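In what follows, chain A forms one complex with chain B and a second complex with chain C.
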Partner chain A sequence: MNKESQLFSIDVGITFLVFVGFIVIFVNLWNQNVRQLDESLLKQNLQEKISFYSDYLVRTKGYPEDWNASNVLLIGFAGDEENILLISKIEKFMTLNYTFARSKMNLNGKEFYLKIIDVINNKTLYSYGNLSYQSATNLIQVTRFCLVNDSTKLIPSKLLLGVWQD
Partner chain B sequence: MHKKAFIFSLELLVALSIIFSSIYLLTTTIPFFEDSLIKEENLNVMGQDLMQFITKTRISDLQDLQLVQDYLNLGLIEYKDINASFVDVIGTFMIQNKFDYAKNLTEEVFEKLIPDNVGYQVYFDNVSIANKTISNPSSELTLKTLLSGYALNRSLEGYIARAWLNLASFNETKIISISPIGSGFKNNTCVKWLWWWCTKTVEGGNLTIVKSFDIPADIETVVNAELMLSIHEEGGGVWIYVNDVLQHEEYYDDKVYERIPIHNVTSGTNVIKIIQEMPSNYHAHTHPGFLLKVDYVRVRRLGYKEDKTVVIDKRFPEIIASPSVWETFSFDIPRGDNITNATLHLEVLNVDDWGEIWVNDNQVWVNSSAQGNMTIDLDILPYVNHENNVSTGETNVIAPYFDIKSQDDYPTENARGNIIISNNSFVHLEYQKPETIQKYGLIPITHSFEFGGTAENDKSVEFPLSYHELINAYVHLAQIYSWKVALAAWNENQTAPVWDNTLKEWVPEEMQFFKSSTGRNVPSSIYIPIDMLVKNSTNYVEARDFGGTGNKILPESTIEYTYLAPAQVGYADVYETEIQAIDDAINRLQELVAPYNITGEVNYSVSSVTNVRWLWGPAEVKVVLSR
Partner chain C sequence: MAGVIMKNKKSQSTIEFIGVFSIFLILTSTFYLLFINYSNNIIKKRAYFQTENLLELISSKINTVVLEGDGYKTILDVPHKLLGSDYNITIEGNVLVLTLDKYGISLTKEFLPVNISGKLKKGTNNLENFKGGVVIE
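Moving on to the complex of A and B:
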C-alpha cells in the first residue's frame, strides 16, 4: 500500500469539510442580512405612509372638505385650525368600513389601527381598525398631539396611528 | 506526506475566506433604514405638534388637571385668564418670577404628552422652565416660538413713560444750485469795415440770471449764507442781488471761483439775481458749482411722509442774455420710481433765427426759422433716463440753445438784442414711488460737506454714513474749466471702480451714476441713487473730468444729503413712581438725539400699568426634545 497517497486524500477531505462548513456559515449570514434589508425597506415604506397620512389626518380638513363615506378621497379630521380635530369628522370616520378606510388611506395590503386618547384623563376616546397590533411584527406607530373639539371644549389628546404588514 | 498539496489547500481556504468575508462585509455596509431614522422622523413630527399644542391649548382645556384646579382655586391663575393659552400662562408666571408654578404646570402637561423615552427642556428667553433628561439621547430637536407681550424682569405694575421733542430744533443747510448758463460765445460774424477788412470782435453780451428759491417758513434764524460764485467774466462787472439788495459788485478779468457772503436771505420765497456785464473778451457765462448755501436753525414738528404719487413742476430761472442764450437745466427722479409723465414747457422771447433743445443726448426739437416769442411744449418722457419707464436715477439735463447752435461757439448770423428764457418755463414731472416712507417721530434734516483737499482731474471723497437713514443725496461739482464728467459711488465693502479710458466711463458700470452725455453737460446738482450708499459704512464718491487735463474738480465741490433723524422714544421699563418713569424716558430721548445735534421742547406721556403686557416682548419660548 502506498501510504503517501492515503495521506494526501485525508488532507483533501479535511480541507473540503472546512470549506463546506465555511460556505454554510456564510450562506446563513447572507440570508439573515437579506431578511434585515427586506424588513428595513418595509419599515421605511410604512414610515413614509404613516408620516404622510397622520399629517393629513391632524392638519387638514380632508378632501372634499365636507367629506362623507360616499365622496371621500382623502380623510382629514382638522377644522379651520391645524391640530384641532372636529369630533363630527372623527365620528364619520368611525362609521367607515375598515377595508374601505384602508384603501382611502393608501394602506392596501397592510393593517392599521387608530386611537384617540384623552391625555389628561388617560381615557381612550376612539379606537378603530385592527386592534390586534400588540402581536404585530414590523409595527410602525406615530403619535400626534392634538385637541379634539367636541363643540363645548377642546380635549387635549393624542392620536395614535399604527401600521404593520404581516 | 505531500506537504506541497496541503499548503496549497490551506492557501485556497484562506483566499476563499477573505473573498467571502469581503462580500459579506460589503453587503452589510448597505445603508439600511435604521430605527434611529424612524425615531428622528417621529421626534420631528412630535415637536411640531407640541408647539401647536402649547399655543392652542387653553387653560379651560386643562381644567381636569388637579394642578390647574389648584392654581385656579388659589388665584394663581385668575378666572378671567381661563381662555389664555397654556404658553401664555407659563409666560405670565415667568414674568411674575413665579418660576416654580411655571415649572410645575409645564411638567404636569408635558408628562402627560411626552413618551417616557423622550427627554425635554423648556426655556423662556433662555431661562430654563422645566426639563427631563434621558440617558444617551441619539437625536435632538430644537423648536422655538415667539410670545408677544412678555419680558423677563419687568414689573407688571407701576409707571411707564415715553418722550418726544414737541418742536425739534436743529441746524440745516439748503443748497440752491445754478447749472451752467451763458449768453453766447464770441460772435464770429464778419463785421466789414472796408471791403477787404473785417473783424470778429463782437463778443457775447450781458447775461442776467434771476432765480427764485424757497427757504422753509419754520426756520428760527439764518446762521450763514454764502454764494459759491463760479463764473467766467473776462473784462466786465458782476453784480449780485438778493431780494433786490446788492450783495456783491466787482470787476473781473478771468474765470472766478470764490465765496461771497450773502445777507438778506429770509424764510419764504427769495430771489437771487446775478448780472454779468458784456465782457471785453469772450462772453459771460456761469460754471459748474455755482451754489448758494444757506445755513439756518430750523424748528419743526416731528413727522415725515412721502406721497406715493409725485407731481411737480421744476421751474427754470429767468435768463436775459445777449445776443443768444444757452442753458443746462438739471432734474432728477429717484431710482426705481415709475415715471408716468414728463413734459417740457418753454417760453422764449425775442428769438431771431434759431432754436434747438436737447434732453440728455437727444436733440428733441430744432427750428431753423425760429423767430419772435415762442412757447414750446414737448413730451420728453422718451428721452428721460429710464428703463421701461422706471427711473435709472441718472440726473437728466435739458439744454436749450437759442440764436446759437449747440455745436458752434458763436451766435447765429441774425442774433441781435436780448433774448429771454422766461421763468414761466418748467419741466412737469409725474412719477410714482414703489414704496413710500411715512413715519411719525422722525425729522428729515439736510446737511452738506465739501470734498476738501486740492483741485484734481480725478477727485474722490469719503462719505461716512453711520446711523443715517438717507432719503436723498447730491453731488455739486465745482469746476473752473469743464467739459464732461463721470461720477461713481461705492462703499468700503466693494472694490473701487477703475476708469476705462477707452470707454470713457467707470467700470463696473453699475458703480457709475452720472456721465455727461454731451459737452458742457455738467449740472451743478447731480443726484446719487441712495441705494448706492450703505448705512454703517464708509462710502466713496469719485468724480472725473474727461474733457481735458486742465479741467480740475475743485475742493469746494460739495456733497448734500438728507436723512431722517429720530426724536422720540417709546415705552420701556416699568417704574415704581411717575418721576422715575419720566426721567428714564427723557434720558433715553436725550441719548437718542445727541448724535444728531437736535434740541427742543421735550414732551412726555406717562401711564400707570397693570398687566399691560402687550407693550413688551416678544419673548422666545424654546423646546428641546431628545430621544
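Moving on to the complex of A and C:
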C-alpha cells in the first residue's frame, strides 16, 4: 500500500545521512584548521616576546646597570659592549627564583629555559629554567650568538632561549 | 478507495518533509551558531595578541631609548588601527594603556621608569633620549 511513500522515506534517509556525513567531515576539518590557527597565533605571540627579550639579554646591561634580585627591572647580561656577556651577571641571574625571573622577563603563564653553550667545545656553560622542554608543544626557541667574558678570555658562545605554553 | 490511499500518501510525504526539513534546519542553525562562536573567539584572540604585541613593541622601543642613553634617537611606527578597529593608547606614568573597545580588550604594560615628555600618536613618532628622559615628537 505504502510502497511509494516507503521509497520516498528511503531516499530522504539516504539524503539525510549524506548531509550529516558532510557536516561531520566539514566540522572536523574546520576544527583542525581552528586548532592550527590558534597554535600559529600563539607561536607568533611567543616569537615576538622572546625576540624582544633575547635582545635585552645579549645587548643591554639590564636596568639598573648593576641590577640584583632586589632591584632588577630588566635583566641584561651585557657589559659595556653589546653581545659580550658578563659572567657576573649570568651568575646573578642563575640565583634568581624561576617564577620571579619569569615575571621579570614578561613571560607569566609561560614556561622558559635559557642555555648558554660554548660553541667551540660544544659544552653547556649555564642552563636555567624549566629544562623539560623536549616534551613541550608550541616550543619557540631563539638563538643569539655572543661572547662570554670570563675575565681571562672571551668564549664564543650561543644563548638559547626557549619559551612555550602548555 | 484509490482517493483515500492517494490522500494518505500525500499527507505521509508532507509529514516526512516537514520532519526532515526541521531536522535540517536545526542542524544547520546549530552549526551556524557554533561557527559564529568559534569565529568570534578566533578574532578576539587575534585582537588580544595584536594588542599585546603592539604594547610589547612600544615598551621595548621606550626601554631601548632609556638604555642607550643621552642622544639616542629612534622611530616608532604606531598603527592607525588594530584589526581594522579604532583603539586608544595612552601613557600613565611608566605604564602603557591600550584599549580596544570593539573587542572589550584593555591591556597595560610597564616600561622602565623614566620621564616622558610629549604624547604618543598614531603614525610615526620620533623618540629621543634627552638627558635621561624620553622625548616623543
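As a working rule, the second predicted complex is superposed on the first by the 165 of 166 C-alpha atoms of A that agree within 3 Å, B and C clash if a C-alpha of one lies under 4 Å from a C-alpha of the other, contacts with A are read in each partner's own complex, and residues count from 1 in each chain.
Everything that follows uses one rule, which is that a contact is a pair of C-beta atoms (placed from the backbone, for glycine too) under 8 Å apart; a residue touches a chain by one contact, two chains touch by 3 or more.
Not measured: the values here are computed from a predicted model.
Figure out whether A:F52 sits in contact with chain B (first) or chain C (second), or with both, or with neither.
Second partner only, chain C.
I'd like to know which partner A:N121 touches here: chain B for first, chain C for second, both or neither.
first
Tell me which partner A:D38 touches in the superposition: chain B (first), chain C (second), both or neither.
So A:D38 only meets chain C here.
So which one touches more of the residues on chain A, chain B or chain C?
B
Under the stated touch criterion, which partner chain does A:D66 make contact with: chain B (first), chain C (second), both, or neither?
neither
Under the stated touch criterion, which partner chain does A:V20 make contact with: chain B (first), chain C (second), both, or neither?
second
If you stack the two complexes on chain A, which partner ends up touching A:E91: first (chain B), second (chain C), both, or neither?
neither
After the superposition on A, what does A:K158 contact: first (chain B), second (chain C), both or neither?
Only chain B; A:K158 stays clear of chain C.
Of the partners chain B and chain C, which touch A:F145 in the superposed model: first, second, both, neither?
It touches chain B, and chain C stays clear.
Common interface residues of chain A with chain B and chain C?
Residues 4, 8, 12, 15, 19, 23, 30, 37, 41, 44, 55 of chain A touch both chain B and chain C.
Inside the complex, what are the residues of chain C that reach chain A?
That would be residues 5, 8-9, 12-13, 16-17, 20, 23-24, 27, 31, 34-35, 38, 42, 45-46, 49, 52-53, 56-57, 60, 63, 66-67, 112-113 of chain C.
Which positions of chain A touch chain B when the two form their complex?
Answer in residue numbers: 4, 7-8, 11-12, 15, 18-19, 22-23, 26, 29-30, 33, 36-37, 40-41, 43-44, 47, 51, 54-55, 58, 81-84, 119-122, 140, 142-147, 153-156, 158.
Under the definition above, what is the set of chain A residues touching chain C in their complex?
So the residues of chain A touching chain C come out as 1-2, 4-5, 8-9, 12, 15-16, 19-20, 23, 27, 30, 34, 37-38, 41-42, 44-45, 48-49, 52, 55-56, 60-61, 63, 73-74, 76, 106.
Going by the contact rule at the top, pick out the chain B residues touching chain A in the complex.
Answer in residue numbers: 1-2, 5-6, 9-10, 12-13, 16-17, 20, 24, 27-28, 30, 32-35, 37-38, 41-42, 45-46, 49-50, 52-53, 56-58, 60-62, 64-65, 109, 112-113, 115.
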